[in-house]
Amino acid sequence: MAAFETLLSPVILFFVLGALAAAARSDLSVPEPLAKSLSLYLMAAIGLKGGVQVAQAGFSPQLLQVSAAGMALSFALPLLAFALLRTLARLDRLNAGAVAAHYGSVSIVTFVTASDALTRAGMAPAGYMVAVMALMETPAVITGLLLARGSGTLSGGQRGKLLREVLLNGSVVLLLGSFLIGLAIGKERFDPIAPVFVTGFTGLLCLFLLDMGLIAMRRLRESRALNWPMVMLGIAIPVLNGAVGLGVAALLGLDPGTGAALAMLAASASYIAVPAAVRLALPDADPGIYLSMSLAVSFPFNILVGIPLMLQLAPTVLG
Amino acid sequence: MAAFETLLSPVILFFVLGALAAAARSDLSVPEPLAKSLSLYLMAAIGLKGGVQVAQAGFSPQLLQVSAAGMALSFALPLLAFALLRTLARLDRLNAGAVAAHYGSVSIVTFVTASDALTRAGMAPAGYMVAVMALMETPAVITGLLLARGSGTLSGGQRGKLLREVLLNGSVVLLLGSFLIGLAIGKERFDPIAPVFVTGFTGLLCLFLLDMGLIAMRRLRESRALNWPMVMLGIAIPVLNGAVGLGVAALLGLDPGTGAALAMLAASASYIAVPAAVRLALPDADPGIYLSMSLAVSFPFNILVGIPLMLQLAPTVLG
Amino acid sequence: MAAFETLLSPVILFFVLGALAAAARSDLSVPEPLAKSLSLYLMAAIGLKGGVQVAQAGFSPQLLQVSAAGMALSFALPLLAFALLRTLARLDRLNAGAVAAHYGSVSIVTFVTASDALTRAGMAPAGYMVAVMALMETPAVITGLLLARGSGTLSGGQRGKLLREVLLNGSVVLLLGSFLIGLAIGKERFDPIAPVFVTGFTGLLCLFLLDMGLIAMRRLRESRALNWPMVMLGIAIPVLNGAVGLGVAALLGLDPGTGAALAMLAASASYIAVPAAVRLALPDADPGIYLSMSLAVSFPFNILVGIPLMLQLAPTVLG
Amino acid sequence: MIQTFTRKRIDILVDAPLCDWLVEHAAAAGIVHHSVLPVESGLGRTGPWRDEGFGTVAKRMFLALTNEDKAAALLERIAPHIERYGLVVALQDVQVVRGERF
Amino acid sequence: MIQTFTRKRIDILVDAPLCDWLVEHAAAAGIVHHSVLPVESGLGRTGPWRDEGFGTVAKRMFLALTNEDKAAALLERIAPHIERYGLVVALQDVQVVRGERF
Amino acid sequence: MIQTFTRKRIDILVDAPLCDWLVEHAAAAGIVHHSVLPVESGLGRTGPWRDEGFGTVAKRMFLALTNEDKAAALLERIAPHIERYGLVVALQDVQVVRGERF
């Protein structure tokens, strides 16, 4: 069974190991510079691979369609999350907007883990999905901010700073930059660097997910901000967003792998790039809420339940 | 000659390079997060490899026997060290107990280097020795503590904390966790991550041992706590413990590779996990003594003399 | 066209990506321990490869000739730079001497990038060039100091300390040490570690140059010390030094690859080892000047213009 | 003994993403020079945190030596935000050499 | 000028493995909030050390802003251990905003 | 309350390559014990810097607790170099336990 297969992959098992270690209060920890280095590496690797694949497959009009759809999802999905957070978790405007921004944006690690699983299941997503992911990272921040503060409350200087933060965010730049490099160099010039960026990928992903398991579980254990409605929404929003993403994928007529990847992007919530942007743009919002929901609830849910589920659903819905 | 062969391996030569650089007061140094990252990597790698090997070879009753023997050694060896430290080095009870804990426990790097050398000499130890090593890491701490303080002096809270420190120590969790993951995934699912955890292993071990050479020699140079009896015991205890280990291996009828690995575990002294536990449990003991003996004397001795010697002895004693 | 080929290599494109990201004020950044780790790795890798190559090719009398020539260049080139800096940039004695030391010494990353490009163009430099590079690192510091302060102004203690800094500098020790290890182990014992030190090389170099692009461009943007004459000399001195290097290579009758490597060593300027030594030996000199010239001007010039140019020139001049 | 001048040392614990914001306010208050130190972990009303790369908002220690007026100006400027931005502010007298620099 | 209150700043250099022990004593003395800063190297009676990952006991700087009573209570608690645990303790007056927090 | 002694705390921001130089001067002034803390970034008259591994001269914070005489002796020794070496020096009163150690 594909779903069970996924859970038995070393990548997932290292995530579980990290989570168990943190739950048992082991002092196991991954040095912070290693975690940051691995995340840079993963972004460069998937950017390059995506670019090389597009260089081989050639541009398709689909690329533009899916990019537009991805950005539209990123802009729109916070509205859904915002409504649920306001009504069901009774969050104030400010915090609901802050959280909503995270759910409209994407989690790179969730995408990477999903791609890995899809590829092993014979449904490799199209290479351009990396670019789509990069494009989906930041529109949600704009929506989330407008929801949190109402329009027109940003001074010109603040708006400029926010736009820079959003467009020139390190992960967007690295993902799109590596994608373009992959596009420019093509398969042949990629070969000398493939041992690092392809052959080493899954192994290093294991170490990264070990760390994510530790961090997510520590966050869950130490969180003082979470309550039950928030935990429930941390599961419900990914399910709803994933369903919307799958619907859009079906409308666009995407193949199962590419469509599943788009749906997982919709389902995933940012916990690296967006928290930093939101801390700056909405310093009065409580980081305890948005970090705990996206990292400690939705991220593990997506890894352990969302991806295996998507592996089952995608061939049926999009097959 | 196998012994000389060992000394000419790049792994050992990088250790020597580090030691010479530190002896000459070069400013060469390895960033601390790299050292910690490499040690995490080595533990995950050997855990996985051991688990995969056991998954392939199947469980053997020997595994349980050797595990029991290893734990017994870890509990018992501190007694021998304690007696010698009290009488010959005239250490007080407290410091003798603290040092003894280190010699009952194990050095992961010594084990890894020995395994590497044994494997190249055609005597690969059994995969389960990784689990045995993890089991041997901490019992010695308990014996050492009892020796240092007498029984009954620990409050309940302290005892609980110590037990957690000992059982949930990061390296124990990572070693056993990776071992179990290797066991669960088996050879086929291990293949995609083998480039990182197998192919890259010896090269990365070189960088790690470069750092260990630097650190061990700096410790030796800067140590104010060492005196000649301690230095002598830093050599004698590994020799004695190694002999005991070899004897136990012979009694158990182990093959030369597995037996040599057990003996090297007995001979080795911890300098990563145990010092942290002992600093916490016996804060009045002098870290200068136990760190210098295990790291600056016994570790280089084991790497440069112990392992080559064992490569000679094991086939004779256990052949 | 070989020059354009070079610019399309992923290594260079990552450098450009880093530079563009910094120019656009993206917050992309590489953790400092990763940068330091990658530089250790690169030094160990090229040292090993050079040593193994010499072990295979056998010693040639050329090795001694080129070593002598390299050291002579390192001693002499600061004189040319000093004269230009004094007259054209009107730098005072102290700062001119400090800058001159950097241009007499070498940039390891420039050498590595050049070797990579030369090898891909079918003109691999001789393995011993790594040793030559190590020998060229530090003589220039002595000349630069004498120029800056006049002879005889160093106390005995200072002289000893400086000599140690210069001879036992971490990068010199690691380069020469790895070279000797490569020489000692030879091809066969190198094979088990080749996956890390050869197969992974170009990919990791990409990540390192991404960081160098970020750092060089940030330095350029933030520098308050640079003025136009300095920028011009930051280009002119590498051109002149490279021409001198190429001339010496022609006199020695070197093959195009080896000669081009020597010329690029002459053209390159240190920005890692020498700044640290000069900060210590000439604390009154302004680090803003020497760091900005070598790192923010000459380094990018050499990577983007110098190396492609050399790939064109070397076969003609030395063919 | 060498002459020293009494000035203010101001330490502010601040979320890393807000560090630039603080630097701008300091500059606006006339405090252009400063240093930033890393902080590893901590415990406050919002619970424990640890700089693990992800999953927490890391913190930094902003440190400036300056004169009394500028210190007061900075305090005045950031006062409305101290509570909500989670700043921790400490002000001390300090002796410096070359008082004109601060 | 904005109102400030005089409180105590307490800096304690402590071995990393003993940091939790110190945090517990601080909490027992009423000092629940604190920050921990990294320390890179040092030299004391027991010789030089450097945080190299292995082979030394690394150190941390525990830092708390608190009131006089709690600071005294913490000092009282750790006094018997200062010598043997190698603690280095420094206490200073400090001006804080929102004095009720400390 | 436990007895404390008034001593000096001396903080010196120094370029990493000059740290050994400073340590030697401190030792010559009788201050043998010290700690060194990492510093991440800063802004001074010579512009901004950030510890990125390469391309800047990184800085460290030298910290020593000592008595007034030794502090004065150290200041005296380094005074001629403060300007040109880019040192930033801060001196404060501090309460310590076991005053004889400092």
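In order of appearance the chains are A, B, C, D, E and F, and numbering begins at 1 in each one.
We adopt the following convention: a contact is a pair of C-beta atoms (placed from the backbone, for glycine too) under 8 Å apart; a residue touches a chain by one contact, two chains touch by 3 or more.
Given the structure is predicted, the values throughout are model-derived calculations rather than measurements.
Colleague: Among the other chains, which touch subunit A and subunit F together?
Modeller: Output, common partners of subunit A and subunit F: C, D.
Colleague: For subunit D versus subunit F, which are copies of one sequence, does the interface use mostly the same residue numbers on each side, meaning over half shared, or is it different?
Modeller: different
Colleague: So, comparing C-alpha centroids, which chain is the farthest one from subunit C?
Modeller: If we average the C-alpha coordinates per chain, E ends up farthest from subunit C.
Colleague: What chain lies farthest away from subunit F once each centre is taken as the mean of the Cα atoms?
Modeller: Between subunit F and the rest, the longest centre separation is with A.
Colleague: Distance from the CA centroid of subunit C to that of subunit D, rounded to the nearest Å?
Modeller: 39
Colleague: Determine the centre-to-centre distance between subunit E and subunit F, using the mean Cα coordinates as centres, and give it in whole Å.
Modeller: For subunit E versus subunit F, the centre distance works out to 19 Å.
Colleague: Any idea how many Å lie between the Cα centroids of subunit A and subunit D?
Modeller: Comparing mean C-alpha positions, subunit D is 34 Å from subunit A.
Colleague: Which residue numbers or ranges of subunit E touch two or more of the other chains?
Modeller: Residues 37-38, 92 of subunit E each touch two or more of the other chains.
Colleague: Counting only residues that touch at least two other chains, what does the list for subunit C look like?
Modeller: 29-33, 36, 195, 200
Colleague: According to the definition already given, which pairs of chains are in contact?
Modeller: Pairs of chains that touch one another: A-B, A-C, A-D, B-C, B-E, C-F, D-E, D-F, E-F.
Colleague: Spell out the part of subunit F that touches subunit D in their complex, as residue ranges.
Modeller: Touching subunit D: residues 13, 37-45, 59, 61, 72, 75-76, 79, 82-83, 88-92 of subunit F.
Colleague: Residues of subunit A touching subunit B in their complex?
Modeller: Counting only subunit A, the residues touching subunit B are 8-10, 13-14, 17, 20-21, 24-34, 120, 195, 199-200, 202-204, 206-207, 210.
Colleague: Could you please specify the touching residues of subunit B with respect to subunit E in the complex?
Modeller: 29-30, 32-33, 35-36, 39, 211-212, 214-216, 218-219, 222-225, 271-272, 275-277, 279-280, 283-284, 286-288, 291, 295-296
Colleague: Under the definition above, what is the set of subunit E residues touching subunit B in their complex?
Modeller: Those in contact with subunit B are residues 15-18, 21, 46-48, 50-57, 81, 84-85.
Colleague: Residues of subunit D touching subunit F in their complex?
Modeller: Its residues touching subunit F are 1-2, 4, 9, 23, 32-38, 60, 65, 92-98.
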